[in-house]
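Following this line, the structures themselves.
The same chain A turns up in both complexes below, where it pairs with chain B and then with chain C.
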Partner chain A sequence: MSALHDTARQLLESGTAAVVIGYGEGTAGSARPLFVRDAARAGELVFDERCVHNLSVYLLKPEVKALGKAAIVGQPATLRSILQLASEQQVKEGDVIVLLPETEGGVRQIGSFAEIEEAVSEADAQLSPEEKACLDEIAALPRVDRWRFWQQEFTRCLKCYACRAACPLCYCAQCIVEVNQPQWIPVPPHPLGNMDWHLVRAMHLAGRCIGCGECARACPVDIPLNLLNQVIEEEISGQFGAHAGLSASASYALSTFTTGDKDTFIR
Partner chain B sequence: MAEFEPKITAFVCTWCTYAGADLTGTSRIKYASNVRVLRVPCTGRIDFMYILQAFAQGADGVIVSGCHPADCHYTSGNLHARRRWVVLRRLLDFVGVDTRRIHFAWVSAAEGAKWADLVNSVVSTVRELGPYDEYRQAIPAHLIPGGTAA
Partner chain C sequence: MIEQKRMPTASMGALFQRLKAGGWRIVAPRAAGDTVTFGEIESPDEMATGLVQTTLSSKSVVFPMWEELFRFRHGESGAEFRDVDEAIMPTAVVGLRPCDARAMQALHAVFTWDSQDEPYLRRRGRIALLGLSCAQADDCCFCTSVDGGPGDATGSDLLLTALGDDYLVEVVSDRGRELAALAGDLLVAGADVDKAAYLATVPVRFDAARLSTGLSKAFDREELWLEQSLRCLGCGACAYVCPTCACFDIQDEANRHGGARVRCWDSCGFSLFTLHTSGHNPREMQSQRWRQRIMHKFAYMPERLQVVGCVGCGRCSRACPVDMNLAEHLNAIVESVA
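Right after this comes the complex of A and B.
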């Protein structure tokens, strides 16, 4: 912990970073995002097993950008979010410093995209065995049961859009859900409209989602939204061999094609 | 009770399938009249929301059809669309949407007979499946715009 405090203090004192985005003590024993701008307060940063949230969502917020160059306390998902944002021209080289706390107590400081690319591996992009088992379990259900399962899940959706707010890759200035000419997503809260919203989000993240699971974590009614993104990730990596968030210069899987793409379902 | 007549919505590209369907007519080939054809510039123009909206508004089946690969008027619109369909089909199947009601095809401007065969086969498949009320029942009746479901 002290290595993290020292690094943060140094960065702020030297002016290398104007703000350190990290985790601090929250209420009821939770960790919450903490924005440290004053070197004297670097000691308030914490990093432990409670600090699972992907903080890179803050990098694109205008009020955070206005503070100046940011250093962000990260983990593999944060690194991959930054690479994906970079490939979408949302983050520039040198915009951000990543502080990776290491298990031995040190802090690794990463400044360039090339170093971030080195720090992530394809293994990070694979679904974990638990995630895979969960997908297979749902996929093995008869279709009608899958429909019922998801309808029950979507019935609880409050359309609070916490999934969108927590997602580092949901950065559109105007989201389709706020478009009302035409009204793509029905306004009344019914399962079909809720499903429309979650399918739209999944499709708009297809090939871009880096699988941090922040959407499901943010969901106040515990809809396993990450499964929708994971099933797409599985399809895209299986069919097109592409993974999001491994390179700052990769092109998006759905903005490209090969003549040999799967077409057995097309007559 | 009269036999169930499925409503099929077809999203077709203007350059190939729309012209192909036109050829079906000028060739005097008879085919099922259950299909409502919606013309778009290219299959690449078809947002997947069109398909969901079609089901929500009363379609029992959907056809998506355009130029064969390498024939796209815009060079690669259909190839981009194909990638999206691969992903979309997997996602819809995963959430339990009945993908037997969504049919993709390549029908060129010269394939009037293929269009007739395609429509006939989709109509008979969907007729067997019955109306897609399961989908529309996810909207409570009092929230359906304009009254009851089609």
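Right after this comes the complex of A and C.
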């Protein structure tokens, strides 16, 4: 931990970074996002298995951008969303310094997209065995039961938009739910409004979701939204061989055409 | 004068029957996985047990997540309007925590402040609150810092406290007496117990008087609000789980033939909340929205409505995806400003 503290302190003291976005102690033994702007407070940073938030969500927030250059404590999901954001021209090379705590206790400091690409691997893009089992279980259901499963889950939705707020890839300045001429998505949290919202959100993340699971973790009523995105991710990686968040220069599978694309879906 | 009775724990099913025979439908905490919300149930077996707090509060009983206000359509001779003539069943809310019952007073203050909110009052007039004292609390609870307590009877019509084989039943209001009459011989005399021994311990987490002084000087402390709100994601989870948040958004759900005007829960944490048509937003930054949330509950509501807009239920702190612990932030305000 002391290497992380030292690195953060030095970045802030030298003015190389204006803020270090990392993790600190939270309520009842949990860890929470922590913004360190004062070098004297670098010692409050922690990094262990409790640190689950994908902090890259903060990089595009105007309040955080206004602070100046950020250094961010990275883990695989954070790195992958930075790369995905880079491929969507939302983060520029040099915008952010990534701090990678290493198992031996050191901290690697990287900044270029090439270095970030090197630090992530295709293995990071695979579903965990638990996620895979969960998806398989739902996939094994008859279509009508799958529909019912999601209807049931969406019944609880409050439309608090915590899923959207916690998602690093949900960065639209005007979200489609806020467009009211025409009103694409009903505002009330009734069954139709909720179904519309979650299906549209899943589609907007198709091929872009890096599978960090923040949407599900943020949901106050425990809707497993990550599964919806993961099944689409499986579909897209299967069809196009593309995983989101592995390259800063990737082109988006669903808006790219190459002559080698399969056209077997045209019947 | 609060009358005290006892009821054997095993009589809860019979109490449900008598309430239902008396025309009351019963709404109580119901679990779906880890999420516990208030919903209609038939028997006590369906009630979620062993919990510190429900995920959502009971406010939806008087202020639903969304509701139709009126309907409209293009008629033969122009626009036609029709009131929503929804029959509202008398509803007994069973097993809400003392903080939720207390929260009904804050909601009442908001909905009867400058105008009498008809949809709210229609519902409020037809509910009875059967509170259940808290035997356990967690790190997010802070009712004792905002005048409440784990056995506080304020707002409840009947307050039940589990004593083991019996409930202590406190008859708090006229409506409570009406329910006690329905319960009849299920309630027995002999309630001479020290209730406190059966209640959770909830530490006082901040000094309310110093908070009040602090907030009167805190509006311009921009750095304080920024520091507190940097990690806030700007979602509406805190407001939607809150038992006293009463802001709503008015929408028309319509097609070319007609539709309905509806109101839905809204949150001051959303950047859209104060966005003007001109494009100007008086609360452009999350720090300003966070300040508004705190000031509204702990300064403006006490000043204007003589009621604190928070009952210390702790739901916002539990629901927050980034652990914006409210009591901790309030304490920090006290420490840095007061």
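Just so it is clear, the second predicted complex is superposed on the first by the 257 of 267 C-alpha atoms of A that agree within 3 Å, B and C clash if a C-alpha of one lies under 4 Å from a C-alpha of the other, contacts with A are read in each partner's own complex, and residues count from 1 in each chain.
The working rule: a residue touches a chain if its C-beta (ideal position, glycine included) is under 8 Å from a C-beta of that chain, and two chains touch if they have at least 3 such contacts.
Small disclaimer: the values here were computed from a predicted structure and weren't measured.
K.L.:
When the two structures are overlaid on chain A, which partner does A:A140 contact: first (chain B), second (chain C), both, or neither?
P.N.:
In the superposition, A:A140 touches no partner, neither chain B nor chain C.
K.L.:
Can A:L254 be said to touch chain B (first), chain C (second), both, or neither?
P.N.:
First partner only.
K.L.:
In the superposed arrangement, does A:V221 touch chain B (first), chain C (second), both or neither?
P.N.:
Only chain C is touched by A:V221; chain B is not.
K.L.:
By residue count, is chain A touched more by chain B or by chain C?
P.N.:
If we count touched residues of chain A for both partners, the winner is B.
K.L.:
Is A:A123 contacted by the first partner chain B, the second partner chain C, both or neither?
P.N.:
It touches nothing on chain B or chain C.
K.L.:
Between chain B (first) and chain C (second), which does A:R164 come into contact with in this model arrangement: first, second, both, or neither?
P.N.:
Second partner only, chain C.
K.L.:
Thinking of the overlay built on chain A, is A:P188 touched by chain B (first), by chain C (second), by both, or by neither?
P.N.:
So A:P188 meets both chain B and chain C here.
K.L.:
One more residue to check, A:F265. First (chain B), second (chain C), both or neither?
P.N.:
In the superposed model, A:F265 contacts chain B only, not chain C.
K.L.:
In the superposed arrangement, which partner chain does A:Q239 touch: chain B (first), chain C (second), both, or neither?
P.N.:
In the superposition, A:Q239 contacts chain B only.
K.L.:
Quick check on my understanding: which residues of chain A belong to both its chain B contact set and its chain C contact set?
P.N.:
Common to the two interfaces on chain A: residues 186, 188, 190.
K.L.:
Quick check on the complex: what are the chain C residues that touch chain A?
P.N.:
Against chain A, the touching part of chain C is residues 32-35, 37, 55-56, 65-66, 138-140, 226-227, 229-231, 233-237, 239-241, 249, 251, 253, 262, 264-265, 267, 270, 272, 285-287, 317, 319, 321-323, 325, 328.
K.L.:
Would you mind writing out the residues of chain A in touch with chain C in their complex?
P.N.:
26-28, 30, 32-35, 53, 57-58, 61-64, 156, 158-162, 164-166, 178, 183, 186-190, 214, 217-218, 220-222
K.L.:
Which stretch or stretches of chain B touch chain A in the complex?
P.N.:
So the residues of chain B in touch with chain A come to 48-49, 52-53, 56, 69-70, 76, 79-80, 82-98, 103-106, 118, 134-136, 138-140, 143.
K.L.:
Under the stated contact criterion, what part of chain A meets chain B in this complex?
P.N.:
Residues in contact with chain B: 135, 138-139, 143-151, 184, 186, 188, 190-193, 195-196, 199-200, 202-203, 206-207, 227-228, 231-232, 234-236, 239-240, 253-257, 259, 261-263, 265-267.
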